[in-house]
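Let me give you the structure first, and then I'll get to my questions.
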Amino acid sequence: MERMIARFDEKAEIIEHCQAAEDIFVLKVAAPAVSASARPGQFCMVEVKAVGSSDPLLRRPFSIHAREDGGRLSFLYRRVGRGTDLLSRMRPGEMLNVLGPLGRGFRVRPDITPILAGGGMGMAPLLFLAEYCAGSMDTFTILGGRTASELTGLESFRRTGTRVLVATEDGSLGTRGMVTDVLDGLLKTLSESAGQCEIHTCGPWPMMRAVYEMASQSGIPCWVSLESRMACGTGLCLGCAVYGTEKILHVCREGPVFHGDSIRWRDGQ
Amino acid sequence: MNRNFPDLSVTIGSLSLKNPVVLASGTCGYGAELGDLLDFGCLGGIVVKGISLEPRAGNPPPRLVETPCGLLNAIGLENVGIDAFIRDKLPWLMGMDTAVIVNILGDEIGEYAEIARKLDDAKGVDAVEVNISCPNVKSGGAAFGTDPWAAADVTRAVKSATSLPVIVKLSPNVTDITAVAKSVAEAGADAVSLINTLLGMSIDIDTRRPSLGNVFGGLSGPAIRPVALRMVWQTVRAVDIPVVGIGGISDANDALEFLMAGACAVEIGTATLVRPGTAVGIVEGITAHMESRGVPAIKDLRID
Amino acid sequence: MNRNFPDLSVTIGSLSLKNPVVLASGTCGYGAELGDLLDFGCLGGIVVKGISLEPRAGNPPPRLVETPCGLLNAIGLENVGIDAFIRDKLPWLMGMDTAVIVNILGDEIGEYAEIARKLDDAKGVDAVEVNISCPNVKSGGAAFGTDPWAAADVTRAVKSATSLPVIVKLSPNVTDITAVAKSVAEAGADAVSLINTLLGMSIDIDTRRPSLGNVFGGLSGPAIRPVALRMVWQTVRAVDIPVVGIGGISDANDALEFLMAGACAVEIGTATLVRPGTAVGIVEGITAHMESRGVPAIKDLRID
Amino acid sequence: MERMIARFDEKAEIIEHCQAAEDIFVLKVAAPAVSASARPGQFCMVEVKAVGSSDPLLRRPFSIHAREDGGRLSFLYRRVGRGTDLLSRMRPGEMLNVLGPLGRGFRVRPDITPILAGGGMGMAPLLFLAEYCAGSMDTFTILGGRTASELTGLESFRRTGTRVLVATEDGSLGTRGMVTDVLDGLLKTLSESAGQCEIHTCGPWPMMRAVYEMASQSGIPCWVSLESRMACGTGLCLGCAVYGTEKILHVCREGPVFHGDSIRWRDGQ
C-alpha cells in the first residue's frame, strides 16, 4: 500500500461563496488541517446535506482548486444535480464537513516542463497544480470550454505565472476548437523539447482520451485525473472502480490521477 | 455498580467486546484504510471486508448509486482472498486494541469451511462472521441465506472447521427471517447478525440502462433501518442466541433503538462511508444516554 | 403516429386507462377527500382505500411515524365497509372522468369473494385490486401474500365472483415475489400490482416503546423505491400478465424508471400525502419526456 | 361529510421570519389563496425539506397564527426537532409550499363570551381567534408558559382588544401558576354570567384536560385544539387518529378543534 498522508474530517467554515458564471461557483472554506497536507490533484469529500436530513446521503467529491493563506481551501464546481444545488445555497458563516485531502494527486518531476490541459470543470484541480509548479519551472496551461463565459478564473491561472492558452468551441475566446487543437499546436512548437514535457489533464472522458492519445503519439507521458461515482472517497467501499488495462482501479485511492497508460480507454465512462 | 459509569461491555457467546459498537463488513476495508481517521481502541470491534478462498475482482463498474436516504452497491465481493488477508492485512489489525471479526463468503459450503479452518490457525482473529447472502452456486444460485436448510448446512460446516465464535449474518430478502435464524441457531451458530442489504435496483433514465453494472445491488443506509429494526425485534424474540443489529444506524439514537429491541451489539455500515468517525460518536452517545438515565449495563436497555 | 403527441393510454387486461398514472390505495381516501386539490380527469385512475366486508375501526394510535425518506403506517385498514362504500362513496367517484379501481381485503377467502360479488353488481367500478398482504386468519395469521398457494386461492375466488378485471396486489415481504406472481397469474389474475409496504418498525427511545400502537407498520415512500423497482423488474420478466409498479414514486423520473423496467402503469402513494398534486405533475412529466425523445407510446419506454 | 371549504397548495414566499425567543419563531408568508379562506383554528401543512431532498419526507402541521393584510399568513412555532430546525433556517425571499387551510377550526357563537386559554405554543391559533372575535364581542385570553420570555407576542393579543391574563410557572410574569389557576379565578369572577361563556383552549394535553374538566364542572362548553402525528393533513391517510369517547377521531379532518366532551381524555397522548 502506498504511504498514506494523514487525512482529516474537518468542520470547515464557509469564508466565501461566489457564483462565477451561470452554474459555476467558487467555494472557499477554512480547513487548516486538510489544507496543510493537501497536494495538487487531491480531492475532498464535501457534505452537502442539511443538518438533520439524511438525503442526499453521500458527500460529494471535489478537487482542491487552490490552497490559500490562513488554512483555506477553495473548490470550483458546477451545479449539475441536487447535491451541488444544495451546496450552492450555503452561505458564508455556515459550517460544512470536509474530509480530505484524499487520493493520489499529480506527480510532477522537477526537470520536466508540465503542460496542463483542462476542459470545463477539469480546470478545477489545475490551478493548484499551476501554483505548485510555477515557482520552480516553466509551465503551459491549456483551458477549453464551450464558450468564454465558462472559462472563469483565467486571471488566477495567469497570476501563477503559467502561460495560458485558451480554446472555445464557439470561438468566443482564444482558438476556436478543442483543447486538443491547441495542444497539437503547442506540441509542434515545442517539438524539439517535447521529450522534456509531461501532460497533466483533467476534463470530460473523450477529451482526456484524445489528449492521452495525442501524448502517446508524441511519446509524452500523460497523467489523467478521473472521476467515478464515490461513496466514501477513502478506500473503504471499493465502489469507485474503473477498468484499468490490467485490473480494476479504485479512483479514490489509487487515483484520481493515473498514468494514461494504465487506463482501459475503450470502456468509456 | 456505579450508576455514573455505565458498563458498556458485552459478550457474544465467548467473544467479549469492550462496547457494543462494531464496524460492519464491506464499509471499513481491512481496517488500515481507516487507521488515520478513527481510533480503533474506542470500538467494540471491526468486521473486515468479506473474504473468499481465492481473490475476487468484483463486479464491473458502475458499482454504486445513491438512492433516497440510501446507497445501492454492487461491489461484487472484491477481496484479496484468505491467504493474502492473513499475510498482509491481519498483522495491522492485531496491533489495534479491538476485536477482529472476519466476514467470510463462498460459492459452496466447502469453501466456507476451508476459510474457517485457515482462520482457526491464524493469530489475531476473535470471531468469524458468515455471510450467507451469497449465491449457492451448486444449487441453482439462490442465496444460502434464503433457505433455512442451506443456511444450517453452512453453519455446521463452519462450526466444525473452527473453534472461534461463529456469527451467522442473515439476509433480509426472505419471507420469515426468524425461520432462518432458528435454523442456524440449531445448527450451532453462536450468534446471528442482521441485516445484510436489501436487494434493489435503479435505472438511469438518460442512458436507459440499469444504473449498476450488475443490474441488481444491495440497498443500505438509513432508508432500510425500519425493516432492519423489525427483523431484529422479531429475531430477538425467536431465538436464544445473541443478535447483532445492523442496518442504517447513523447515530447513537439509532443504535439505542436496536439495543432496546434486544440486540446485544450493533454494526455500523454505510454511516462510516459518509462520516468515518460515526462509530466513535455512537459509543460516546450511548455512554451519555446510559449515564443520564442511570442504565447500568447494555442489556438493561432492552425493552419487552 | 404523430411523434409530437405521444399516446399515453394503456390497457391492463380489459381495463383501459387514459394514462398510466393511478392513485394508490390508502393514500387518496375515497377520492372525494382530494376533490378540491386534484383534477381527477387528468389521471389514469384511482384505487380507493382498501374495503372490507364489514366496517373496520383500524388500529390504536399512534398510527404514523416518519422514517428516513419514508413513512411507517399502521392504519389497520380502517374503512367504511363495502355496503357504505357502494352507497356513500361510489356515486362521487362515478362523476369523475377516471378509472375507479376498488382495493379489497379480508380475513378469509370467502370475504374477498363476497366483496367482489357486491362490486360486480355495483355500477361505476372499473376493476378490483386484491390486497393479499392481510393476515389469513383461518390459517395462522401469515399474510395470504406470503404463500403462493393461498394467494392463488384468493385470486381464484375473486375471479369467479366477478367479471371485472382483477389486479392482485403483491406483498414485498417474501423471498421470491416472482413465485407469488406466477401463482396468481396461473390462477387467473388479469394483472399484478406491486409493491405493498415493507414491514418495519421504529422505537421511541424516550418513552422506550414502539413508536406505533400496533408495534409493526408498513414502510412506504422514496426509501423503498429501489426494492420496489427490483421486484417490478423481476416480475415483468417472470409473468406474461401486465405489471403495475408501485413504491416510492415521487416524480416523473421515478415513474419513468418503473415504466422502463416494463411496468404497464404506476401507482402513486405516499407522494400524494406529501403533495396532493403529485400524480398530475407526473402525467405532465411523462408526456414531456416522451415528446422530447419522440417515444410514441408507453410500451415503447420499456427496456430489456 | 362536513362541507369542505376549498384548500390550496400554494407556493408561498417568505416575507418575514423572526426569532421571538430562544426557540420560538414567527414566520410570515404570502399565501393569498390559503389566507382568503382561512378560519381561526385551522392549520396548514408546511414543507420543511430542501429542494432536491426527500428527507424529512413529510410536511409539518402548524396552526394559522394570524391573517394579515395583502394575503399574508403568519405561523408561530417552536423549534423542537429536525423539521422545525430546517424551517428556522429559511430566509425571506425563499419559497415554501403551504397547503391549507385545513381542518375544522373553532366554532364561535355570537351571543357567547369566548374565553381563550393557551399554554405554550398553544397560543398559536388563539391570536387569529382573538382577532376574529374581537370586533363583535368581549373576550378574555389566558396565556400560560413556564417563564416570561416564552410568552412572546402578548402585545399582539392586546391589540385585538381581548383582555389578556397571564400565568407563568416561575411567576416571572402575571400570576405564578398555571393557566387553570387563572381560569379558576376568572370563572369565579364571571360566576353570574358563566352560563354565557365558552372556552377555547390549545396547549399541552394535561393542561387542556384540566381546562376541560374545570369547564365541565362549571357547565361551560369547552373546545379543544388537538395535535397528533400527521402525514397528509387532508384526510387521505387516516393516520392522525385519536380516541374519541365513541369512536376514533381524525384530527386533521374532524378536528383539530373538537368539543371537549367528544375526547377520551384518559388515554393521554
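We just call them A, B, C and D in the order they show up, numbering each chain from 1.
Going forward, a contact is a pair of C-beta atoms (placed from the backbone, for glycine too) under 8 Å apart; a residue touches a chain by one contact, two chains touch by 3 or more.
Keep in mind the model is a prediction, meaning the values are calculated, not measured.
Peer 1: What's the overlap between the neighbours of chain C and those of chain D?
Peer 2: A, B
Peer 1: On a C-alpha centroid basis, what's the spacing between chain A and chain D, in Å?
Peer 2: Their C-alpha centroids are separated by 54 Å.
Peer 1: Express in whole angstrom the distance between the two chain centres, defined as the mean CA positions of chain A and chain C.
Peer 2: Each chain's C-alpha centroid was found; their separation is 47 Å.
Peer 1: With chain centres taken as the means of their Cα atoms, state the distance from chain B to chain C in Å.
Peer 2: One centre to the other, that is 34 Å.
Peer 1: Of all the residues in chain B, which ones touch at least 2 other chains?
Peer 2: Residues 68-70, 221-222 of chain B each touch two or more of the other chains.
Peer 1: Would you mind listing the residues of chain D that make contact with two or more other chains?
Peer 2: Chain D, residues with two or more chain partners: 54-56.
Peer 1: Just say which it is for the chain contacts: an open line, a closed ring, a star, complete, or other.
Peer 2: Topology of the interface graph: complete, with all chain pairs in contact.
Peer 1: Write out the stretch or stretches of chain A touching chain B in their complex.
Peer 2: These residues of chain A touch chain B: 1, 4, 6-9, 47, 54-59, 97, 99, 228-232, 234-243, 247-248, 253.
Peer 1: For chain B, which residues are in contact with chain A within the complex?
Peer 2: 26-29, 32-37, 49, 57-58, 60-66, 68-71, 73, 75, 78, 221-222, 250, 270, 272-277
Peer 1: Give every residue of chain B touching chain C within the complex, in rising order.
Peer 2: Going by the criterion above, the answer is residues 67-70, 72, 146, 173-176, 198-203, 205, 208-209, 215-217, 219, 221-227, 229-230, 233, 248, 253, 256-257, 260-261, 289, 303.
Peer 1: Going by the contact rule at the top, pick out the chain D residues touching chain A in the complex.
Peer 2: Counting only chain D, the residues touching chain A are 49-56, 81-83, 85-86, 89.
Peer 1: Show which residues of chain A lie in contact with chain C when the two form their complex.
Peer 2: 54-55
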